[in-house]
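Next, two complexes with chain A in common: one pairs it with chain B, the other with chain C.
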Partner chain A sequence: MINLFRTAFLVIIILLANCTVANAETDKSPEENRVDLIGKVLDKYYLDFAPLGKVELPRIIYDEEGLHFFRSTTHAINSQRGFTDAAFLDSGQIPTGHVKPVSYELARTNGTEIKMDLSITNHLFFFWLAAFVTMGIFIPLSGKYRQGIGRTSEPKGGFQNLFETFVIFIRDDIAKSNIGEKYEKFTPYLLTVFFFILFMNLFGLMPWGVSSTADITVTAVLALFTFFFTQAYASKDHWQHIFWFPGVPTPIKFILLPVELIGLFTKPFSLCIRLFANMASGKILIFALLGLIFIFDGLFGAVVAYGTSWLWIALTLFVYLIKAFIAFIQAYVFTILSALFIGMAVEEHHHEEHAH
Partner chain B sequence: MELGYLAAGLGAGIVSLGAGLGIGMIGKAAMEGTARQPEAANDIRTSMLISAAFIEGVALFGQVICIVLALA
Partner chain C sequence: MRFVFAQSLLDVDFGLFFWVLITFILFLIILGKFAWKPILSALSEREKNIKESLEAAEKAMEEARKVSAENEAALKEAEITAQKIRKEALEDAEKIRADRMQKADKDANERLEQALQQIEQEKKKALIELRTEVSDLAIKAVSQILDAEIDEKKNKQLVDNYIKDLSSN
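== the complex of A and B ==
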């Protein structure tokens, strides 16, 4: 009986869809329905509170005349200080009066080049927010331990208990097991990096939130921190293994030198790309799945789009849950790989010359 | 039609194939290891995640190139 209903339902949908296709073809072009997937991942000069509106962020522009500060893009365009939207310049006509920005890219009206755009973007905003949340949680928490709560007595309250679990996990399972004896020096860095990345990732799951780790500049800076940290504390053996690999014949040493040098730089590069690609792809995937509704609307008509939308919404929910999982996993992976690289660099080998 | 899109799509598929095979093999080995020695489950899980992350890293290099191909 249920099967019969299901078949009838499908047949009706397909029949209705055929009717609507004829209408759809005339008034909709595929170009109009196009969703800019990559554009959703790029950073913007405003916080998007759709459908409520946008909050524009301050613009800082550096050019030949020095630094220019504006409280928003709209203010920059209407300030009569020689700035306009790049889209107006491209179209050739600069509108007068109070105008709203279109592309949010600023350009000089006299044609001189903008040397540097130091504007605050939404990725940077959430980057700072994550930093403040990290500090706001852990500075009071460390004060508690300084008073002795948690060290001489039991940790107090769910909050402290929750974060103590994480901190001990990172100290024991990540720092101690991968770095070895010298783990105490590196645990603060690993803890900071873990919670900072975790909060940045989790902001991407909140409504109107953006995960700043979906920006390659953020992950590149984080990977550079790990890189410099690793090199700064590297042992003599680490450098010896790169420039003059011990225990192998001399010709092999010259072959191993470029290999080890490349390996030195692929480590931070892969850290950076891994985190960025994971977070950005999750975002693109959600938009792509929701976009299927509109693609179906364009291809088969509104009825099929409505009829199948539950499927795409269910899939989006699934991807969202995966993203929540990935947010933790990627923070963990970044931290454990940082610990691994640091551990490899600070380790002191006690090998004899003929051991290899 | 631009062939870049075709290349990007095919590339993304092949990269996923390789990464899926690799991570599948890691998962298989880890499960076998855990079944034989359940007390080592935690160590095995950690090394499994690390190796999976390395494979994923290579796969993501490929995916980034695919995105570049699609955008260029």
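== the complex of A and C ==
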């Protein structure tokens, strides 16, 4: 499975790898100057406010001795409770005294395995932030409806009007038009998913913000929920179409069975990859474009780098705008495809249609 | 070496997976209960209200149209009735007039008839009276004439015979 993921990204990775290599080869001290582009997108155990500093997040570790809670990674390493940075163990020398984490990967000094790392991460933090923003918007908004504004009268104010438009759009144009009669059951899920993804995407555009949707784990969970809703409410026809396709000769039924079974899983899989790839690649693209300035500096010298920098900055701005657009598009695409998959599964077919 | 970075990008982190899964369920429930349910119910209620009031307005309009049509029809009918009543009244009056005239004619004729009959009767009565008068006169005259010639006995017999003849006539 992981291999499949990898091939999807191979082109970008090779490109970036080459860039970094080119940079590294021409530079006098390659290791110091190397910028880890992929690392920018990776999940971290701290909030990066570079160049101001880092805010470390709590660590929760489960191992043979039970659960361990630490305020931060630094705290964990210096707590004298048998934890150290994995990088120290790799290098073979464990420093003494107050140390700062290097790789932020915790390891036991006695060599026993860490069973689960339930630490709060960067992406999780922004996932929660998106959740709280969603709640912070819609729970007060629902209060207005409870009071009767928008229930018996027209909605009042820009706040209510703006978000009501989104809600109605999702309910009518996404849920109702794709799911059909049973749309009411799924509208809350689609609304939640849409606003979560939207806010997560938008956080990626903010200074020091990261988009949690650029993490395949987050998109995988979201896709899993769509998969769950699709299968949990699937009609009898849905299962019949997978296991014993109606209206075709028996040998074809046997051919269709694996195809349909694979199709069952490729749908959420595509949802997961699409969102992740779009968000991650946008971010990598921005870093890569800005990185071109430094690559040109290495290749042709500082004059060329300064001379062409306006081009890369303009391109970066363009990509940034595209990303802002994509933030909405991808939230919409994920939601509408979820609705479509749910709609396909819950739909009751008429067998006359498949008689031929 | 660099593919290791790429791989870490595509690794599913268990801790994150766990937290996202748990908290997403939680937020889904909280949002569903405290945000989407009141919002969606309010929206559907509002739409229902709007739809109902539109329908009610449509219905009221239809009703009003119907009522006005009915009124018009009633007015027309009333006019027709009035015209009919007028016509009937005229006919009645004409009839009454004709009747009266006929009755008056009849009355007049009857009275005439009666008068004529009375006259006839009076005439008959007068004739009878006249006869007796005439016979008396004749007797007197004849007795005066014959006083000297014929005796009383014979005369009486003769006159009686004559009167007998007369009354038998």
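We take it that the second predicted complex is superposed on the first by the 322 of 356 C-alpha atoms of A that agree within 3 Å, B and C clash if a C-alpha of one lies under 4 Å from a C-alpha of the other, contacts with A are read in each partner's own complex, and residues count from 1 in each chain.
Everything below uses one rule, namely that a residue touches a chain if its C-beta (ideal position, glycine included) is under 8 Å from a C-beta of that chain, and two chains touch if they have at least 3 such contacts.
Everything quoted here is computed from the prediction, not taken from an experiment.
Asker: First (chain B), second (chain C), both or neither: which does A:Ile38 touch?
Answerer: It touches chain B and chain C both.
Asker: Would you mind checking which one, chain B or chain C, touches more residues on chain A?
Answerer: Tallying touched residues of chain A, the top partner is C.
Asker: In the overlaid three-chain picture, which partner chain does A:Leu222 touch, first (chain B) or second (chain C), both, or neither?
Answerer: Second partner only.
Asker: Go through the superposed model and pick first if A:Trp128 touches only chain B, second if only chain C, both, or neither.
Answerer: After superposition on chain A, A:Trp128 lies in contact with chain C alone.
Asker: Please work out whether A:Arg151 is in contact with chain B alone, chain C alone, both, or neither, and reply first, second, both or neither.
Answerer: So A:Arg151 only meets chain C here.
Asker: Using the superposition on chain A described above, determine whether A:Glu164 touches chain B (first), chain C (second), both, or neither.
Answerer: second
Asker: Just chain B (first), just chain C (second), both, or neither: which does A:Ile139 touch?
Answerer: Touch status of A:Ile139: second partner only.
Asker: After superposition on the shared chain, which partner residues are touched by A:Tyr189: those of chain B (first), chain C (second), both, or neither?
Answerer: In the superposition, A:Tyr189 touches chain C alone.
Asker: If you stack the two complexes on chain A, which partner ends up touching A:Met116: first (chain B), second (chain C), both, or neither?
Answerer: second
Asker: Check the residue A:Pro58 against both partner chains and state whether it touches chain B (first), chain C (second), both, or neither.
Answerer: neither
Asker: Of the residues on chain A, which ones does chain B touch that chain C also touches?
Answerer: Residues common to the chain A contacts of chain C and of chain B are 38, listed in rising order.
Asker: Quick one: in the complex, what on chain C touches chain A?
Answerer: 2-3, 5-21, 23-24, 27-28, 30-32, 34-43, 45-46, 49
Asker: So in the complex, the part of chain B that touches chain A is made up of which residues?
Answerer: Within the complex, chain B touches chain A at residues 42, 46, 49-50, 53-54, 56-58, 60-61, 63-64, 67, 71.
Asker: Quick one: in the complex, what on chain A touches chain B?
Answerer: 38, 173, 177, 270, 273-274, 277-278, 281, 329, 332-333, 336-337, 340
Asker: Flag every residue of chain A that touches chain C in the complex, lowest number first.
Answerer: Touch residues, chain A against chain C: 2, 5-6, 9-10, 13, 16-17, 20, 36, 38-39, 41-43, 60, 116-121, 123-124, 127-128, 131, 134-135, 138-139, 141-143, 145-146, 150-152, 164, 167-168, 171, 184, 187-189, 191-192, 196, 215-218, 220-222, 224-225, 280.
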